[in-house]
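First subunit A sits with subunit B, and in the next complex the same chain sits with subunit C.
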Partner chain A sequence: MNILHLRDNRQRGLHWSKPRARPIETLPVPDTLYIPISHWQQTTAELLVTTGSTLYKGQPLTRSYNHNVIITHASSSGEVIDISDNRIAIKTDGRDEVSDELTKTTDSLSRQEITDIAHRNGLTGQGGAGFPLARKIASLPQQPQLLLVNAAECDPDIHCDDALIQAYAPLVVESVLTIAEACEIDRVVIGIENDKTRSIEQLQQAMARQTARQNIELVTIPSQYPSGAENILLQLCTSEQPGPHESLASAGILSMNIATCYAMGQAVFNGMPPISRITTVVTPDGRHRNFKLLTGTPVNHILDYVAYERPIASIEQEVPLHVTQGGRMMSEALDTQAVITQQSNCITISNTKGVQSSVPCIRCGACSDICPVRLMPQHLHKAATHFDAQQLDNLNVDRCIECRCCDVVCPSAIPLTAQFIQAKEHKHRQNNEQIAADLAKQRYDKRQRRLQKERSGKRRTSLKEKAAPATPQSRKDLIAQALKRSAKKKPNDAADNGSSH
Partner chain B sequence: MTGIAVITILAVIIGAILGYASSWFPADNDSLVEKIDRLLPQTQCAQCGYPGCRPYAEALANGDAEIDQCPPGGSEGIAALAALLDRKVIPLNPQYGVEKPLSVAVIREAECIGCTLCIKACPVDAIIGAPKLMHTVIYDHCTGCELCLPPCPVDCIDLVSDV
Partner chain C sequence: MNTPTERSVSDVMLLVLLALLPGFCVFLYLTGWGGVINCMIAIVTALIAEAVAVRLRHGSVRITLTDYSAVVTAILLALCLPPLLPWWIVSLATLFAILLAKQVYGGLGQNLFNPAMAGYALVLISYPLDLSTWLTLPEGFSMSLSDALSIVFSGGLSQSEQYDALTGATALSRLYDLNLQSVDLAQLAPEISGTFGARYSEWLNLAFLIGGLALVFLKVITWHLPVALIAGVATCDLLIGGPYPDLTFHLFGGATMLCAFFIITDPVSAPAGNRARLIFGFFTGLLIYLIRSFGSYPDSAAFAVLLMNCCVPMLDRLDNHINSRPTR
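Take a look at the complex of A and B:
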């Protein structure tokens, strides 16, 4: 059992002692796979299959020219049985036949080519947020400085990256170097926790074989949560820090999860899109196992195969199992329809929901001591309860990385992070509404001024007309002029008629 | 006697200054109108019975209107107005409409006959087009005020909830 204890280090956070990751296991291919279809705002991916199409493993299901839309692929061979708005159901045939249209690459790649590969294969960040990789690479400046590979897996329940490195270190290193070469980055840093000794060994061996290539460095960092957060990892590894409102990519730093690098390697060297990923499954007794799961595997399929113990009482009363995704800290509840996606790093099965009732804040300050980005959660809590937008701004609520450290240490069990997330959303929404309202007001005012001008212009002309009405004399002149014009025209007409006869 | 004269002269002078001041430096009502106007959603939908948000703000500042007349602002808007004007929070008056989710107008372009009536109705100039040519809505500028719906002779404008 993991023990939670706190230390006041230079970098604040929670400390756990983590066991070594267990080797990767596989599950039989499920009967039905549900592949999610990506949407981005109003842009939908174009479907390449219809109900009844025969599919092979790795075959693309969608197409799009928009880098925000993630292209999905069949994760096993079979037949499309249903297409709904957001997912494609595939009845698998169990043969797991690989598509013969996969394109492998062996030459050195340019930045454009690697962006295309990332987009074509639907690669996304596998750390949890799922940012499209093609967009990330495309947003890098002309001269990127650093490729930061995130092998820090700080959540106490997640072991998938550790298992991945132990199994595929050579391919991972090869892939990291290929990405760096394609993006013309000279400096590569891999950040990993110092307690993952076996993974470190494997990576060092793999790196020793690649000495001729770029400047690659393995940095070990103390094992604590949340050192896997991009900005914190960057600080721990290089003691650099990006500006407060700057994204890492725009600062010339390409930050990638090690699992994303592996997926990239698979796509480049084997032409295989990311149709599976390594996921840690935590059973109700607290043990963890690592599985290589196909994208679109229903979570229920995992529950059917992974042995776990349940109290007899909960079976008798038919208490449903509680399934969450994202590890112990970033957990988010999954419903029974949920499937494995590229972001499923950890599936936790528990017997109970584990909801704690909270009591009022006692102002112990434990949350301020633990906050890794040095915010003051107890003050934020007060401001968020009454939604004081100004105060929330002063306390930098936007800098909260939502790591839930404050939730863990709070003796009153206040769901602080959830409250901050809500407050951030509220503030963001209010901001957007204010911007829209200001724009509408501006346009309304401009229109009013224009209408005013038009009205006064009209009045002026009508006044002019009134002031100078056509006199009988001038009217006679006008008639005379008109008569003259028509007289001039008539002979011409006659001439025209004559010529036509 | 001198006392009365001094007081009278003083009164006349002070009266003149005050009269001058009131005509040259009008009461700071505008800043209140401005403050109220900032709280209103600026949809310019005229559901409150006034021809726009600014006129409604002026009416509120003068005390001619109630704070429960703005459906797009909803309960949140009423609460903000109540706090600013130190009035009691009251529910939205259904006479003026009901609170609806944000939406934008969308013209079914194939059906548009190019009559320009909606362009004239739009309070924020969010519709572009020309006579006998197709019109369309600039979604980023549309406030969802619904004012373009009644003038359309072919009913080709839909309101869709914002995406």
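Take a look at the complex of A and C:
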């Protein structure tokens, strides 16, 4: 039996006691790296390398002028051995030689320049969604009000940002300031959980060294899940709330993960694109370790290393291992072909699949007590089961942030969040169909009206035609008639003129 | 997506069983082997009935039985029944509780009425004599197991030759009799009241209170329902109660605490929102008091709970309606 340590708080959510983040370790460079190539809809990235090209660390592999396409770079030196549609395989030479074409910047930057740097280096949000940073900056309004730096990683299994701050606080702070200055944002807030004492200390020290520059507010928030979700963090730090349907960027708030800030700092000050990231690896024995991993490192490589170092019982017994990404709450399964990307914040290796069979809802209300946005999941569950769109709307299904708190507390182990995501999609699909149907109807009505108008118009003309001489008239005749009419009119005109004199 | 649930239904049910333990011990002390036999019959019947019903409904027997909800129902039911009942009354009550009050509605989570109370109410109406025949308390295992078994399997206490020697009245039923005879209650107070509540059942109630507080502390239940129920009883007592019996008699007599912490807190048949829970608990308390004082049964928790169960869908809708107003 597992007795949960839930504490009531003003903010609803899950509370876990987290172990301290462990220092960053490195893995040997893997023999082969598989760098994913990004495409965006029909726009493909233009390849800069061919099979056999020699690469250096940090060298760009693709090029594009579209901000939606994320440019990728070689994460170690070596040779291209294979190019497929969505990834480039690099055979590493183990020398890890850095490309000498990296451009560092030291001057102050304009917004355009920082957008370019973000695009050129293929920077993306490292919190999870992987949204291109260049696009995010470009979509800010003229006068953005707030730079919100997200240093809260509320998932109990993820520690990578904590480790990152402890190792690189000065660079992070400098980068945050640079971004704020370039985007002309006056207010900078870093939100961090209050139990990360060492990180907070490091950040404070780093900020103390930058007093000449803009002020940064360091806000500590309660350590609980899901306070790291953008909207909730914003509310916790500034007690502001974005409108229901607007994105933060269009509301003038630039929200960035602290790891993204670090990547930006690397790109600006060292000219190094994001070719590695700090990832928490949870091993089957439940230990959390932080690794600095090169982009494109196969997950298998990590498995091998971890198993080699400290033999994992299940590997020896050939029990299949399950690898998931995203920590305990947002986990998604990975296959063995998967590689580390910029969004890999946590890799969990476990030897149990942990699938639970669910039983019916017992209406215990635990889910509504925990929901951080105060929805009523048990009612949503009912509405979603029967897909009652009206009821789903009444219960604000769209405000669900998909945090999975309700899943965790549900004693019946109902996959509530998955159901809500599905219901939302279904609803949007239905909405879209409705809109399409409405448009079609409008078009049809318009056409009907036009046809009717044409018909009645035709009738009017045909009436006129009846009145007119039946014989078809040539153009010449028409001109002649007109001349005659004007000739007839002329004497009158003259008379008029005369009378007026 | 493999987050294990922090506390599954079986965990919840096990916690409830653990919390019932102190009350259960006092109950066994008071009723002796008769109580043990009741519990055994109820649990076995409940498990068999649940298994058969789930099989018929093509569910997984293993999953259903290991959620322990049938065991909890059986024990709650047994805690209400007097000892040394004929075995088939216990079985009948349990069968009704599991089959008609729960499985027919669709099993766990779907039932409208609290199964234990529905089963109890059925036999209380059908066999009023047997159901109001209590041993002289406390029994404390003074009767041997074989004697107890022979009584249970030969028609129960009410058919037994030692009827007069063995039976006594519970405080509430004595109070009820006295009420009918319109005796001056204050004079008879020593006969039915104990140290702080109703004679003997005060200890039972105290033990349930302790177990219930543990459940609140472990966040298995919220405080709303028990507090509201106690408030309901207290309000009635203040408004219409005479000098005797006093409030503690009502709170620590009959099935009040069992009802407050273990029966109305059954999540399935109680409302889901805290606001609705307060209303539900308050009115249950009110009804308990009213039926006890003016109804024709000595104790009334079962009827009060069942009556309020009928209102749950309405309370839920009301709560839903209030909550689903846009919040911004």
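Everything that follows uses one rule, which is that the second predicted complex is superposed on the first by the 418 of 501 C-alpha atoms of A that agree within 3 Å, B and C clash if a C-alpha of one lies under 4 Å from a C-alpha of the other, contacts with A are read in each partner's own complex, and residues count from 1 in each chain.
The rule we apply is simple: contacts are C-beta pairs under 8 Å (C-beta built on N, C-alpha and C of every residue); 3 or more make two chains touch, one makes a residue touch a chain.
None of these values were measured; they are calculated from a predicted model.
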First, second, both or neither for A:Ala437, with subunit B first and subunit C second: first
First (subunit B), second (subunit C), both or neither touched by A:His288: neither
Which superposed partner A:His301 touches (first subunit B, second subunit C, both, neither): neither
Partner chain(s) touched by A:His67 [first = subunit B, second = subunit C, both, neither]: neither
Between subunit B and subunit C, more extensive residue contact with subunit A: C
Subunit B versus subunit C as contact partner of A:Ser412, first or second or both or neither: second
First, second, both or neither for A:Arg447, with subunit B first and subunit C second: first
Complex contacts: residues of subunit A adjacent to subunit B: 41-42, 433, 436-441, 443-448
For the subunit A and subunit C complex, residues of the former touching the latter: 1-4, 6, 241, 244, 322, 324, 328-329, 331-333, 350, 353-357, 359-365, 368-369, 374, 376, 378-379, 394-396, 404, 407-413, 415, 418
Parts of subunit B lying in touch with subunit A, wherever the complex brings them together: 37-38, 40-44, 52-54, 123-126, 140-141, 143, 163
For the subunit C and subunit A complex, residues of the former touching the latter: 1-9, 11-12, 14-15, 60, 63-64, 67, 69, 106-110, 218-219, 222, 267-268, 270, 272-274, 320, 323-324, 326-328
